[in-house]
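The following blocks contain the structures, represented as structure tokens.
Shared between the two complexes below is subunit A, which has subunit B as its partner in the first and subunit C in the second.
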Partner chain A sequence: MAKEMELSGCAASAQAARMAKVEVICSYPIRPYTALMMELAKMVANGELDAEFVYGEGEHAQLSVVAGASAAGARVLTGSSGVGVTYAFETYSPIAGGRLPVQMMIADRALDPPGDFGSEHTDAMSCRDQGWLMGWAENPQEAFDNSLINYRIGEDHRVLLPQYVCQDGYFVSHIPGKVVLPEQSQVDEFLPPYTLPHPLDPKHPVSHGPQIRPDQGTVMDLQRAQAMLDAPAVIQEAIGDFNRIFGRNYSPFVEEYMTDDAEMAFFIMGAHTMTARHAVKHLRSQGVKIGLVKLRFLRPWPTQEVAEALSKFRAVGVVETSTSYGGAMRGGNLLHEVRASLYDVPQRPLTTSFMAGLGGEMVPLKEFYYMAEVLAKMIKDGKASKTVYWVGFEAEA
Partner chain B sequence: MFIIPKEKEVPLGCITPAPVTEQTMMITGNWREYRPVIDQEKCNLCMNCVVYCPDACWQLNEAEDEVVWNAKYCKGCLICANECTTEALSKVYELDFEDGVVRLEKPF
Partner chain C sequence: MAVAVKTQNLPLIKKIRNIPKEEYYVPGHRTCAGCGPALQYKLVAKAAGPNTVFLGPTGCMYVANASYLCTPYAVPWMHTQITNGGAVASGVEAAYQVLIRKGKREGELPNVICMAGDGGSVDIGLQAMSAMMYRGHDALFICYDNEAYANTGIQTSPTTPYGSNTTFTPPGPVIPEGKKLFPKDPPQLVIGGHPAVKYVATASVAFPVDLMNKVRKALNVQGPAFLHIHAPCPKGWKFNESKTIEIAKLAIQTGMWNLYEWENGEYKYQHKPKEYKPVREYLKLQGRFAHLSEAHIAKQQAFVDAKLKAPGIPVAIPISPPRAEA
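Presenting the complex of A and B:
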């Protein structure tokens, strides 16, 4: 029987790792993700999980340990937060280039500006272009589910890419929510055992990560790009199987909420989606034609799906929880990709972005109401006068 | 779809069969500035050079009972000389040799 529990995002991710039967785990403490390792250490100590638990001497070591273990044919898990994520940066490209399906749980945390410990997407977003699959969970249940889903996709031989399985620090990682733990047999049906085409094996010696010539570099980049291009079909397949086996109702790439007949919409990912839903529901009761589109995979970016979902609105407000200082939109990262996705659409909506929830601040309902007002004004004026609004800091209302 | 020309093909993730014999794609002997030179009289066959060489450029010749240096791939890092227990290895400037390679004359 599947059983229902109250779990934090970190505890939910640990349960997913247990049910995925991970074989090698490497830890190094930094909050808020550390709670994941606390849970896993208890499971290993209590004999609930048969895994090698290695203490890394830093995040660079964490990623190096799991890369080696993954190359040897073990299903692996590591994780980090904030500056821990960026400390390991050097390892991300070779892991993806070596086609090792390492899974890294990121409970995100602001990068030091200096010394912030709140949730913000910037840490993981800084690593988004290295060839890792990537997406955010809205709640502990989705954190649990995304872990299993990402192992399945990343380990598929048509993909073979590592995965950042992200959740907002504190808002997801530490606030308990309802999590339905499935039967082990369901997980086993969904997630086949991990195999690598060319594992390290003394009987058949191979070299991983050799020096290559410059003219081989393009080909390796092309291989990695191709894997990302091939991933969406595998994601579709995996989500279909997941929904069937676990009785869920996920859309593979973007989820829509109250978008029927909506004139405007929030575009958002991660924990604050929950508040945004309440805001949409409330605004709807007042007759505002607003909806919400939630992004489930940031990499590969679902260009087509985003274009289709957003082109039916007149105005879209992108909620940014990360920074891109000096970028084309002068705010966060998401609006760049949203606008690029919409470029070839004949009837484009007006788009702008809202900097909200930076440094771990809450995004309260009233901020979403403010965003809705800005969107309504954009529709009335027939133009987006700015590409970014720093919510709560704008001189003009 | 992309086309990768035959001569440019690279295995998945560049994971290759381990070279049990010498590979011929990248000769690194011309990177050397100094050459480790062995004094066989002083060598006690401790095998440190064999173990420590990152490029397997010292091998034991069991028939002759001596360690043999590989000029073709030795990059001249001199880790062997550093780890030698009997000071049998010394560093000699590459261009002092008749067959001394000119460093970086052709990188690959």
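Presenting the complex of A and C:
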């Protein structure tokens, strides 16, 4: 029988890895993701999980070890946080270009300086354009589910891409929440064993990653881009199967909350979605016509679904938990893509962004109420006077 | 049901005519004429045989070998970054351990060999190499040492000898000797701090049977092993490409290179000259040392003399003093 437990995001991810029968794990300590590896180390020591647990000598090595293991035909898991994520940067493109479906759990942490344990999405966001599937979990249950869903999609031979499975540090990674652990038979039905079309096997020699001429480069880039284009159909299929087998009700790409007849909406991903839901519920009780749209996959970016979801509002506030210093929107990363998605929509909503939760600060209810005030003023004025509001540092709405 | 992981036991080769005919590093590459690293690759692949996976960090043996659609490897091969050969090799070995244990792969554990240049071994690749040695993976790390970053245009590496003219150490009026530093000692780095390591040896393309047997011994031990192979580079060292073997032999005859094995804490020496020739004999054949003055050559000679007496590299026969400078 499926059983219900109270688990942190890290513990939930470890349970997912156990049920996915991960074969090679590579660890290196950095808070907060490291609780995942502590859980896995116990499982291996207790005999609950038959896997090679390799002590990496750094994040760059973590990714390198699992790349080799994935190429040899093993299902793999690694993970990191903050500057650990960026330390491994060299390896991300070779893994994606090598079409190795490595899974990396990222529990976000602010980048230095100065040293800050708090959650901020900038670590993972800095790595978003390398050809990895990518999305955030709102709670431990979603962290568990996303791990299985991403193995299924990434290992599908129509996709073959690595996956950053992200969760906010502490808010998700360390705060226990309700997690329904399924039966092993359900996981086995959903997730077939990992196979690679051309593993490193002396019985069938192949060369992985030879040098190419510049004129051969575009073709390979195009293939990696095509895999991203092919992924959405596979995501839809996987989410459909997941909902059927596990009795869940996920939308593949964007989830909507209280958007019926809403005039304005928050566009958000990750842990702060939970607070945003409460804010929306409260504002609705005050008569404010507001809703919420949650992004489940940042890569591949669901352009069509974002456009469809947002075009029915008059104003959209994008909640940014990452920085893009000097970028076109002067704030974070999401508004760039939201505005690009809406460009071809005839009736575009007004859009702006809110820098909130940077450095791992809480985003309390009152900050969402402030954002709603800004959105209401935009509707009243008929324009967005700014592309970014640094929440808590602005004189007025 | 867990399946026990078996490793193969490759027999040692007695004479050069007993060397297997089969090639696993085949024609089709683009290395320079007289390339020492290419020759050692051919010998290593022959010695290892078909049940082998090579990991190739960026370096000459990647750039000049592994061209798309015509790579020379008849066994599985995978490129790694110059930074992470040891880590990727660790991952391949770990995968095979678990896959064989779970019955997902049949047969013996393949020979997992990381074939790295000097930069990929003891400079930018040092961390990954050291960690593979520390963790005890059943894999072989080979440093093919051509004593420079060669494919990028001959820049100094940590194993480039003192006094070398490289594109990062050009001699000039202010720095007349070119390279001022003395090289790292890769096998001593490995021996000195990695208790899991079972076997370390140095080899040279000048002694192919010795080289191949060291490859086989390294593969036969269960656990990590390290080989440091001297592989002269005609382009980088500026000598005629017909003299690769002559230069490699002279390195041993002058004490610039030593052939030894380290196994279970014991050193054994091979092809040790009865009397060492002066290093000048080795230096004078190579354009990279053409600018050196007598004082520089004496400094190099003193370094070699000290190294031959150094602890950890015991010399069983007395070293004859180098001949007086001319």
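Operating definition for what follows: the second predicted complex is superposed on the first by the 396 of 397 C-alpha atoms of A that agree within 3 Å, B and C clash if a C-alpha of one lies under 4 Å from a C-alpha of the other, contacts with A are read in each partner's own complex, and residues count from 1 in each chain.
The rule we apply is simple: a residue touches a chain if its C-beta (ideal position, glycine included) is under 8 Å from a C-beta of that chain, and two chains touch if they have at least 3 such contacts.
All values reported here derive from a predicted model rather than from experimental measurement.
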{"item": "Clash or fit, subunit B versus subunit C on superposed subunit A", "value": "clash"}
{"item": "Touched partner set for A:Asp112, first subunit B, second subunit C, both or neither", "value": "neither"}
{"item": "Contacts of A:Val206 with subunit B and subunit C, given as first, second, both or neither", "value": "both"}
{"item": "Contacts of A:Asp381 with subunit B and subunit C, given as first, second, both or neither", "value": "neither"}
{"item": "Partner chain(s) touched by A:Glu90 [first = subunit B, second = subunit C, both, neither]", "value": "second"}
{"item": "More subunit A residues in contact [subunit B versus subunit C]", "value": "C"}
{"item": "Touching partner for A:Glu4 - first (subunit B), second (subunit C), both, neither", "value": "neither"}
{"item": "First, second, both or neither for A:Asp221, with subunit B first and subunit C second", "value": "neither"}
{"item": "Partner chain(s) touched by A:Arg99 [first = subunit B, second = subunit C, both, neither]", "value": "first"}
{"item": "Touching partner for A:Val54 - first (subunit B), second (subunit C), both, neither", "value": "second"}
{"item": "Region of subunit C that runs into subunit B when the structures are aligned on their shared chain, from 98-106, 116-124, 188-196 or 206-214", "value": "206-214"}
{"item": "Subunit B and subunit C contact sites that coincide on subunit A, given as residue numbers", "value": "204-213, 216"}
{"item": "Residues of subunit A that touch subunit C when the two form their complex", "value": "23-24, 26, 50-52, 54-58, 60-61, 64-74, 76, 90-91, 94, 200-202, 204-213, 216"}
{"item": "Contacting residues of subunit A [partner subunit B, same complex]", "value": "97-100, 160, 197-198, 204-213, 215-216, 218-220, 222-223, 226"}
{"item": "Complex interface listing, subunit B residues touching subunit A", "value": "2, 4, 8-20, 25-26, 108"}
{"item": "Of subunit C, residues touching subunit A in the complex", "value": "2, 50-53, 55, 62-63, 66-69, 71, 73-81, 83-84, 87-92, 94-99, 101-102, 104-105, 110, 127-128, 130-131, 134-135"}
